[in-house]
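Should a chain be cited, it is by its letter among A, B, C and D, assigned in written order, with residues numbered from 1 in that chain.
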């Protein structure tokens, strides 16, 4: 029952809270674009990587303003910022090919983010190959795949991607995935961009085996959005919060204070089990309007990716192409 | 933040726990059919109704065995039991018309149970009226409607139903609705049948205004299944459980014991708010495979209703008709 | 096998071709807004109504330019024109209520236009009633319903609408329906607005009983778009075209010329039956990308209706409200 | 405008009609199982292959009885027959892996057959690899993929399959595809099994490049069902039928007879263009209830494939596994 988070900013928070000291080997910087907050977490040493539970590399977090999904202009602003941040990582000549991969299970709404993004990507590789004269030469060849998950295909997603990459030979992969966060406040409001690929065991549906430059031989940019909190995580955090509040109220050194301080993992686990039974490990907490929100986020992400992959085109050209 | 439950069996449990005594004016009996447990809760006095927070009447609960959704035969058994229990409440001559109403919002998966059931009901009223010779005379006229919810239509569901009832003049209404339960163990595993209609404020989406014999002038049978636990309820129950465990461990009469005993609603509310922010009141806890499970339950419920409304037909006839 | 069309402009064409003379009692005028052509057909006498097979009244046809569904700006232009034309027919004070009705079967893609439009209408009636202070007083109360079709509900759509209208008492109804046209060139490219309600037997799915001011007591504006050509119509027209071409080639007065001229309905029907067997009467001709196109048209229509019903709001306000 | 058919039985009919003689190098045999007709077309010589426009190999056609989609038992019978016919072609040891590929575009209902079948296949490969002890050893490892179409992915489907096959190394591929037939009577009522793979240019959506043993190095069994007639084909056949009827009526050797006999392709093409404009090449003829029928066929096909791939299991085991 180790509490896992897919977000680098949360991993840092958890570490610093649990260890009551600042993390080493990790550099953090912040900036803002209007109401949008950008946090850059660089894991620079092995020590930092171990403390974070994440490989060395860059993790950029874009915090969307509240109520974004009710405001088309604000959505566009986030797409622009995402496009800019991605552009810094996409180091490709115009003629190089990008493969966009939508991870996740299209039958589970909050896990369907990846496949939904893929359906809104500007697909051009076949036109560049089959009818090159019909298409602006500055347009980059882009292809995309939503391979499904292990239970649907019987194949590790990384196996499928590896097979396709070996055959198609793209120069860059952008992977989109739905994540789990620790905190409700980050659900559907944070975009994380990472350069270290997708690690095993991530996401809503526990997909495994690494999709990364190490395994595929080409750069992999991961774009993730937390769309759920695991119910066990929420129960765990609720228990922690109650206990913390008790500790603050209890007399230091008193019997009760000591009892609280020594409350162990087994007690917590049995409480979580009682609350969630019979569904432990299989429950998620989501906003009621999850279908609408996933739709809205998938547009934001797809637009950001399209902007970064097609620097020669304006937004209108992209919209026209996609319709 | 009063903790509400749509289930009579839970209302009784909550009352008896909070008041540490047995509820008055409520009669409970149990029976079993194979692995299926049937609980009959009769609220017989006004005192009982007040204690329960539910009108006088009969509430039948059918507890499905675990893993039901992975076993077609077991699903059929539940449909049969549901059909039998409903049949006892459907007091209609063969020629009388039933209207089946699917409440809920088809855009929110766990609230879509009602509309999904309606799509699997055997619809016959138009055939009886338009081509009576083409259809077995023992077939009951049945019609159905999934009116949507207030935010989708701009009309109270009860207004739409009242309008349609006044025009169509059915003799009975069966309403299907997705409920919220207090406990995860009841989610997607309990069917409640009630004779008192649908009360205000019920369900996942807070639909309002009563749909009942009192307002419509004809009997209303409500069939509900809890498909979510409200996240605020889960947080509240988690906090309660932690506190209860502390109380058990604390020395009776000691300072800490007294502090715990006097912990008030405001403390709890502020903790819940911190956990769920910014989504308080708008979060639900569901199993990951909610789409598949709602599909499966809607088949079970629709089959049970079809069995009860068409006593002259066998299962094969109903299946053939529906295809 | 009488060849039916839902479009007034086609009914006029058919009459004039079959009778080789101009129709009487029908006034036609044309205008253009950019690339959009607007045709106004007024059936002014009973003689005209009989010849047209349509009640006396006004039928406005908006012809969209080709490739509209690939161009967001062009789609907006059509919505504006539709909004203007509808505004001329919507004679309501600000506080009066409009009910938007989406006819058709959501399970048959080309018949799902009405329900899809309804899902994009700005719904305000409940806000005006429940939280009047929270909403701009110039906003008109609008409610909406997609009642389904006879085979799904067991009730005539007109019965459901009549029941709801009697209860809700709106001041105006706007009905949206998918139509069948005679000619492929009009499919998904023509919007017809009519003031005479929806006539029996119209549309893709043969819905019956009139929805009109005569039956409901309030004005009914019908908005329709042809989304299919009936396959039997296409086969019939193909046969006619071949025969016409033969007649042109044959020597006038010769045996063959006479044979062609006397070819009767039975011959044609048996040929159509042979081509379409075993599906006669149940086949439709649609473009392959029908799902995408119906989506696009439903946006155009919903925007036009929103513009006409909320004259106090700009497009941005409406977009923001709908998100 | 060469009239193409995906069905071997139709290719033979067309050849024999156009050439007024029996085809050479093709062996045909028939049998029946209850109301189900099985036709076995063997193309045995190169001459036969050229005449048919299909590679040498075996093409089995299963004709379903009418109204099959309204009768669960009859559907099961077809699945059994399909399972038997496939079993004869699946020459694998128990431990060998099969890959099921669902071709086609899930956004175009009649082209979505392949992806829908894949979603109902019993997927076991990952269980055999990850938790071999939890699963009956007689269960064959099966994996599946619905890769999408060129316009969605930017990659030739055959490229994706080739990449995955090289990586996963299955021993057999079963491909499912929606076909176009010449005749409405075969739409949704014929299943064709072929051993020569999927040829270029087949299907509703014109997918290209061969998927076959020749290109992939392992046996490829293709299962196809015609789900549409191309509207241009229907128009063409209608014209032919009218002309044939004229020819039969015209005096042999007369002017008109000669004119009809010499009517050329250009005349026909211009008539087809006039009928279908502006949609030539992009229109399909389908039954109205296409969504329901594709669902029903996908169950029949998936069951047949499951039966053939898991000979050690009974139908109940397969159903239980799939739920």
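Convention: a contact is a pair of C-beta atoms (placed from the backbone, for glycine too) under 8 Å apart; a residue touches a chain by one contact, two chains touch by 3 or more.
Computed from a predicted structure; not experimentally measured.
Interface comparison, A-B versus B-C: the higher number of contacting C-beta pairs is recorded for A-B. In this assembly, the chain whose C-alpha centre lies farthest from chain C is A. We define each chain's centre as the mean of its Cα atoms; on that basis chain A and chain C are separated by 45 Å.
The mean-CA centres of chain B and chain C are about 40 angstrom from one another, to the nearest whole unit. Inter-chain spacing, taken between the CA centroids of chain A and chain B, is 36 Å. Within chain B, not a single residue touches two or more of the remaining chains. Chain D makes touch with chain C in their complex at residues 66, 107-109, 111, 184-185, 187, 204-205, 231, 234-235, 237-239, 241-243, 245-246, 249-251, 254-256, 259-260, 267, 271, 274-279, 282-292.
Considering their complex, residues 69-72, 296, 319-320, 323 of chain B touch chain D. Of all the residues in chain B, the ones that touch chain C in their complex are 119, 123-127, 141-148, 150-156, 159-160, 162-168.
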